[in-house]
Amino acid sequence: MTTQAEITAFLAAEFPQTPCTVEAVGQGKATVRHPIGENELRPGGTVSGPVMMAVADVALYVALLGVIGIVPLAVTTSLNINFLRKPAADRDIVARCELLKVGRSLAVGEVALFSDGDDHPVAHAVGTYAIPAERSGA
Amino acid sequence: MTTQAEITAFLAAEFPQTPCTVEAVGQGKATVRHPIGENELRPGGTVSGPVMMAVADVALYVALLGVIGIVPLAVTTSLNINFLRKPAADRDIVARCELLKVGRSLAVGEVALFSDGDDHPVAHAVGTYAIPAERSGA
Amino acid sequence: MTTQAEITAFLAAEFPQTPCTVEAVGQGKATVRHPIGENELRPGGTVSGPVMMAVADVALYVALLGVIGIVPLAVTTSLNINFLRKPAADRDIVARCELLKVGRSLAVGEVALFSDGDDHPVAHAVGTYAIPAERSGA
Amino acid sequence: MTTQAEITAFLAAEFPQTPCTVEAVGQGKATVRHPIGENELRPGGTVSGPVMMAVADVALYVALLGVIGIVPLAVTTSLNINFLRKPAADRDIVARCELLKVGRSLAVGEVALFSDGDDHPVAHAVGTYAIPAERSGA
């Protein structure tokens, strides 16, 4: 079981470009937050799709690292996302991931994304991660 | 039929944060290029998944604007992407989109993504866009 | 709010070929059961993928009819399914659907599928339905 | 390279319930045909979604067997389908699959589905198959 602090340190070292922060991780779940500013908006004053895809992907990765340990080379093999509602332009995106399966070589999870403070999801994603045979996990 | 120059000008004005350039557009197709540098890489020396999702999304948007005109509020409603091969760390990502359907309110297209110069796709995406009822198209 | 009995009668009249039964419907949710016999199996003694896709599709349809009334012409516009575990060859497939959004023209929902009596999902699907502008709903 | 006759014989023996016939297979591609009758229709006089999902799945399986040999235990791990146009009620569904990747343990392919004789696809699917480590292929 990898801790929130370990995953935060790993992301800071290996993914310095991600603005996501880890709010919770454990038991096959994770909560990740992405601040929203001018760079994340698109015409219509809404959060761009690729930003939400990136948050979903990070949430899946964090949930998985929480289960299998720090395995940098776990990679996304597929992601399917549906955009449900217009996100607020002035609120963080919060993603809650729950893994559906963690097999030997493949993990599958789902992610609900929210504008912070609103209970209705703005998007929903399902993604799969390939877990390398040789884990360099801590 | 919107021209490549019109779409390029629109993206520069409305999506200044995108590093993508439009290489071709017309007849329900589009080719888009994304330069790859340190910011786009992840552990393992490969292009991060969210970068490829973003390129696929832009390619769909450009192909659609080529057909329906400059409609800023056309928005992605879903995207499904499969990652097929490890992209080269030192080559641009080139995305080729072909629309499968452009209906009144919904468009669907597929995108093949390549490391520039390699014929085998590194990823493949299918996305849907919602077209607003009131188009502000040029 | 459409009742379970109304939906069951509708399915019997309009989809006589489906072996699915409606176990529960309401509040944007539905539970549907599909008996498994020789016809539903494939090599390896497991339930064939298309059978599970069909159950997922029916569960989404039932959950949606529960919300919008009997609208026969609501049609699936997309379905994404991930197969997670080998289903039991001698147990019913039970699908539990929860709608994520019911808009004016589009609904999105997710479905978890189980071998009856087992808590771990054998598959997970996300689907979208188009709702016709002119509803002939009861 | 498995021949069309070998795959047809295998399907007849192991999937006797499928009404699909193999029209062509080879070089990572396959064409499969599904006759349409009363059983395949739904309200609105159109082919039901699950029928098209099943045809897409068979087309992927046939294309894959064409490459890796008769491996009965290759199983679908995911399928994503978009429905594009209303299929004709009185024409066969013809599916054309092209594999995008055949790796050691995973294959990915796309499928375009047509009402026989019409050039515009009625649906488009992308699916993944898991290839077992121990192949019992001929």
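By written order: A, B, C and D. Residues from 1 in each chain.
The working rule: a contact is a pair of C-beta atoms (placed from the backbone, for glycine too) under 8 Å apart; a residue touches a chain by one contact, two chains touch by 3 or more.
Remember, predicted model here, so these are calculated numbers, not experimental data.
Placing every chain at the mean of its C-alpha atoms, the farthest one from chain D is found to be A. For the self-contact between chain B and chain D, the two sides draw on mostly identical residue numbers; the shared fraction is above half. For this pair, chain A with chain B, the centres built from the Cα atoms lie 22 Å apart. The distance from the centre of chain B to the centre of chain C, with each centre set as the mean of the Cα atoms, comes to 33 Å.
Chain B and chain D have centres, each the mean of its CA atoms, that are 28 Å apart. Of all residues in chain D, those that touch two or more other chains are 77-78, 80, 82, 128. In the complex of the two chains, the chain D residues touching chain A come out as 77-78, 80, 105-106, 128.
For chain D in complex with chain B, the touching residues are 80, 82, 84-85, 100-101, 108, 110, 112, 120-121, 124, 126, 128.
Partner chain B is touched in their complex by these residues of chain A: 14-15, 17, 39, 42-44, 46, 49-50, 53-54, 57, 72-73, 75-83.
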